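Think of it as A, B and C in the order they're written, each chain with its own count starting at 1.
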Amino acid sequence: MLPFFWMLSTALKEPIEVYSLPIRWIPKNPQWGNFYKAMTIMPFGRYFLNSIIITSLCILGTLISCSLAAFSFAKLRFRGKDLLFLLVLSTMMLPAHVTMIPKYVLFKYLKWLDTFKPLIVPSFFGVGAFNIFLLRQFFLGIPEELADAARIDGCSSFKIYWNLTLPLAKPTLIAVTIFDFMGTWNDFMSPLIYINSEKRWTVSLALAAFRGGEGAEGIFNLMMAATIIVILPCIIVFFFFQRYFIQGVVVTGLKG
Amino acid sequence: MSSKRKVSRLYLKEEREAYLFLLPWMLGFIFFTSGPMIASLILSLFEWNGLTSPIWTGVNNYINIFHDPLFWQSLKVTSLYSFGSIPIRILFGLLIAILMNQAIKGIGIFRTIYYLPSVVSGVAVAVLWRWLLNPDFGLINILLSKIGLQGPAWLYDEKWVIPAFILMSLWSFGSIMIVFLASLQGVPTELYEAAKVDGANPWNIFWKITIPLISPALLFNLINSIIGSFQVFTAGYIMTNGGPANASLFYVLYLYRNAFVYFQLGYSSALAYILFLIILGLTILMLKSSSAWVYYQGGIGR
Amino acid sequence: MRKNRNIWRGFLILMLLVTLLMTSTTIGNTKIKIRYSSWGDPAELELNKRIIAAFEAKNPDIEVEFIPIVENYEDKITAMYVAGNEPDVMYTSPTRAYDLFKSGLIEPLDSFFKAEPQWLDDSKYFTRAYIPYTDRETRQIYATVNGTNTWAVFYNKDMFTKAGLPYPNQYDEKNNWTWSTFLTVTRKLTKDLNGDGKIDQWGTQVQNTARFWMAFIWQNGGDLFNKSLTEITIDQPKAVEALQFIQDLVYKYQVAPTPAQLESIGAAQVPRGFGLFTNRVATCIWQTYIVQDAKMIKDFKWDMAHLPKKVTRACAISGGAYRISSRSKNKEAAWRFAKFFQEPEAQRMIAEAGLITPFDRSIAYSDIFLKSPGAPEHHQVRLEAIEYGRPAEYQHKNYSKIVDIATQEIDLMLLGKQDAKETARKIKLRTASLMQ
């Protein structure tokens, strides 16, 4: 966990001190103001707002569309299931660089460029094969007895999904939330490609800006400060959600 | 007779519901994913620099790939990396997940600390690790020297650059750990209690109860790791850019270079599809073998 | 099924909300809109914004939409080209410019320059800045510029004083700053300070970038290509000799560290790997934009000098430029914006930012640039070098790949795995298919 301490100490240093060797752990003159400077060199407040909107909507969309799809693959019988599932997985197997340009053209024709739509809408349509796969694995682990009983009583699949499966899959849904949050919060490729105006930047883009260009790199310390602040929500989210991983969640309520 | 009709009607109803559930995903696939995927497949049959009109070349790109020594090099580099990092990460993630699966006070903090590395984004990680792997001042070599070993030049030594990346991959075990953790939550405690009552030792409990019950998560982590490690890019791009002497030329790095440095978009699409087939093949293998060792509590099977 | 329907309804409403939230309203106005893209770190982006504001103030009929692209600049621009919505004015570098120009996607600016010939007056401006952006066959210029960067020897004055050596500038004044005096000086400055058998202070530093090693080749009278760009000439004696000199600095004379040794003195952490910052490297041959960073140095005194010469003086020049899309619907407005960067108001802002030598001679020689706070004593070396600089980016269609191959081989050379002759031979061999 040393690297984090290094990040913190770098963030507090004066520009030239950053590069002195051997590594000085305690800055001579801690510049706590660096955190403030880092956040005001560009309008980070706005970027945080953007990131929060995008990320929360994405999580919502993912939870809904991916759990629906995963339920289908795990619990329902239908023709073409195996092939379709393979198709789902295959969407993860093509490197993103290759589909980047066609996707850009697609969004241009939809006139969704320079809006948040390309970043949010796809998640409502299950474009997150990783999550479908994850949820499917866990749904498969939920015993069928309860579902069978409910079905004989004439319950629709949806009722089973909503009232039975989802509550039991809480740990996994939590995991999906965490993953999706991290992924979307730190993703900078998609915002880079689809967003033009600075006012719609996400924090990940702004962070990337610190590295850009050939100009003065005397702001390495500010970059570290900004990185720390940007990571903070991730840490908070994780810490908050992992509470739901309580040990001994009893899955089976049946005694035979 | 009537029961048979009821069954088939139920089956059709179930099928209808299944497709309904899949509707959002299918729409997403059709509109957002399939188009670009097909477009890039078609692109692989052309020669295109993104500016002038594409020139038809048929399968020439694919033929040229097989004669391209850097293609084979990048495949070798990526395979070595994958087969090195996958087992290590999964093992490590599993071990830590087991440790974190306790309901003791403050476990939350530990979990957060162990997950923290995965939270830091690509560039910060790269900078961190360049320092850690510094031949003289880096922590790794300092620790090695304490036990009397001379650490290698890591990122500057052709033989050691891939092991360096494998070491770095350990850093991101966090997501693997979470998946295992969630899975461990689903293991009914009664089984453990019953086993203890029967006098089973911890080793047996681990192999006969825990592993089978978390095997769905294991399958997930395996397939996911395969898909992920064959596509590794950012670290290589930032830290070594394929060096020294192409010893760390990861496949997707080579692909990216062909697309956005040489501007040969058709060639890089072809590279992408070859990778696609490789990953697909490995995944199908995994899935097929899974019926032998993966146990789903739910019982409906694949 | 009823529950399903409710869920779908809620879903659609959610989608609608999302769409509404995201729809931006556009109020029609009568200004001409041009779109401009650039890369850069926060400081450069700020500079761009200020220049845009100044431009809009002087040209109230034009509105500039700024598209800052933080990374992977050409990736995004390529996507935009394919989709047909590339910006009107784009900040550019020479590497991709040639392909673009040949493809007809960049507007040639001849008619504009003909109407405003003052830009080509070398007594007023550093017109050599246009060279990377001039088609060598048709002589058409296809970009405006903001300034030039050259290369220089940056050195640690204190180390020289301690070793009792004259400064590189002093050698140069006597016309004696050559490869051999450079070698002499760096050998005296490479020391093992604490007697542990490992060198702690290095005479100089080498890097594997085309602009670095190309300069040495030129200084010796050699070249990568022949004049008509039909042949690779790096395997000819003069070029090989230059490459061998670079390798000898590391392995024969051991005045420059290997890549691994460079890491050890902490060059990984400093900006751009500029060893001078570590106070362990006596001289660094570097691009002059580093002056802005070097101003931070407080631990020792430093200065800059011309590159050592062999047969002749030579260095690479580069600089940012602004190209106009040939598909732009507002070329006149685009030109007004693109040339604004060359005008005094913008040039002054660029001079103050200190990131590049301004295009405008009078502003470059003025105090706001030449004598800006923290600037070195011989800052004007930067300007003088423009006269003998040339671009390292050749206008050959396979240039990127050729340079990439050369870099890979020189990588091996700097690792000590092969000598310069072998390196050049392999480069010639591997690039044969690209020269057809």
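The rule we apply is simple: a residue touches a chain if its C-beta (ideal position, glycine included) is under 8 Å from a C-beta of that chain, and two chains touch if they have at least 3 such contacts.
The model shown is predicted, which means the values in this text are computed figures rather than measured ones.
Enquirer: Write down the chain pair with more C-beta contact pairs when B-C is set against A-B.
Expert: A-B
Enquirer: Taking each chain's centre as the mean of its C-alpha atoms, which one ends up farthest from the centre of subunit B?
Expert: Looking at centroid distances, C is the chain farthest away.
Enquirer: Compute the distance, rounded to whole Å, between the mean C-alpha positions of subunit B and subunit C.
Expert: Chain centres of subunit B and subunit C, defined by C-alpha means, are spaced 37 Å apart.
Enquirer: Rounded to a whole Å, what is the gap between the Cα centroids of subunit A and subunit B?
Expert: 16
Enquirer: Which positions in subunit B are in touch with at least two other chains?
Expert: Expected reply: 24, 50, 131, 137, 260.
Enquirer: Among the residues of subunit A, which are close enough to touch at least two other chains?
Expert: As it turns out, subunit A has residues touching two or more other chains at 21, 64, 97, 101, 124, 156, 158, 188, 208, 211.
Enquirer: Residues of subunit C that contact two or more other chains, please.
Expert: In subunit C, the residues touching two or more other chains are 4, 11, 72, 75, 78, 82, 266, 269.
Enquirer: Which residues of subunit C touch subunit A in their complex?
Expert: Against subunit A, subunit C makes touches at 1, 3-4, 7, 11, 14-15, 18-19, 21-24, 39-45, 65-72, 75-76, 78-80, 82-85, 265-266, 269-272, 277-278, 289, 292-293, 296-299, 353, 355.
Enquirer: For the complex, give me every residue of subunit A touching subunit C.
Expert: Residue positions touching the partner: 15-16, 18-19, 21, 41-42, 53, 57, 60, 64, 97, 100-101, 104-105, 108, 113, 115-117, 120-121, 124, 156, 158-159, 162, 188-189, 192-193, 196-198, 205-206, 208-220.
Enquirer: Considering the complex alone, what residue numbers of subunit A touch subunit B?
Expert: It comes out as residues 1-4, 6-7, 21-23, 64-66, 68-69, 71-72, 74-79, 81-82, 84, 86-95, 97-99, 101-103, 106, 122, 124-127, 130, 132-134, 137-144, 156-158, 161, 171-172, 174-175, 178-179, 182, 186, 188, 204, 207-208, 211, 224, 227, 231, 234-235, 238-239, 242-243, 245-252.
Enquirer: Of all residues in subunit B, which touch subunit C in the complex?
Expert: Result: residues 20, 24, 49-52, 127, 130-131, 134-137, 153, 155-157, 243-246, 257, 260-263 of subunit B touch subunit C.
Enquirer: Looking at the complex, which residues from subunit B come into contact with subunit A?
Expert: Residues 11, 14-15, 17-19, 21-22, 24-29, 31-33, 35-37, 39-40, 43, 50, 101-103, 108-109, 111-113, 115-116, 118-121, 123-124, 128, 131-132, 137, 139, 175, 178-179, 181-183, 185-186, 188-190, 213, 216-217, 219-220, 223-224, 227, 231, 233, 252, 255-256, 259-260, 265, 268-269, 272-273, 275-276, 279-280, 283-284, 287, 296-302.
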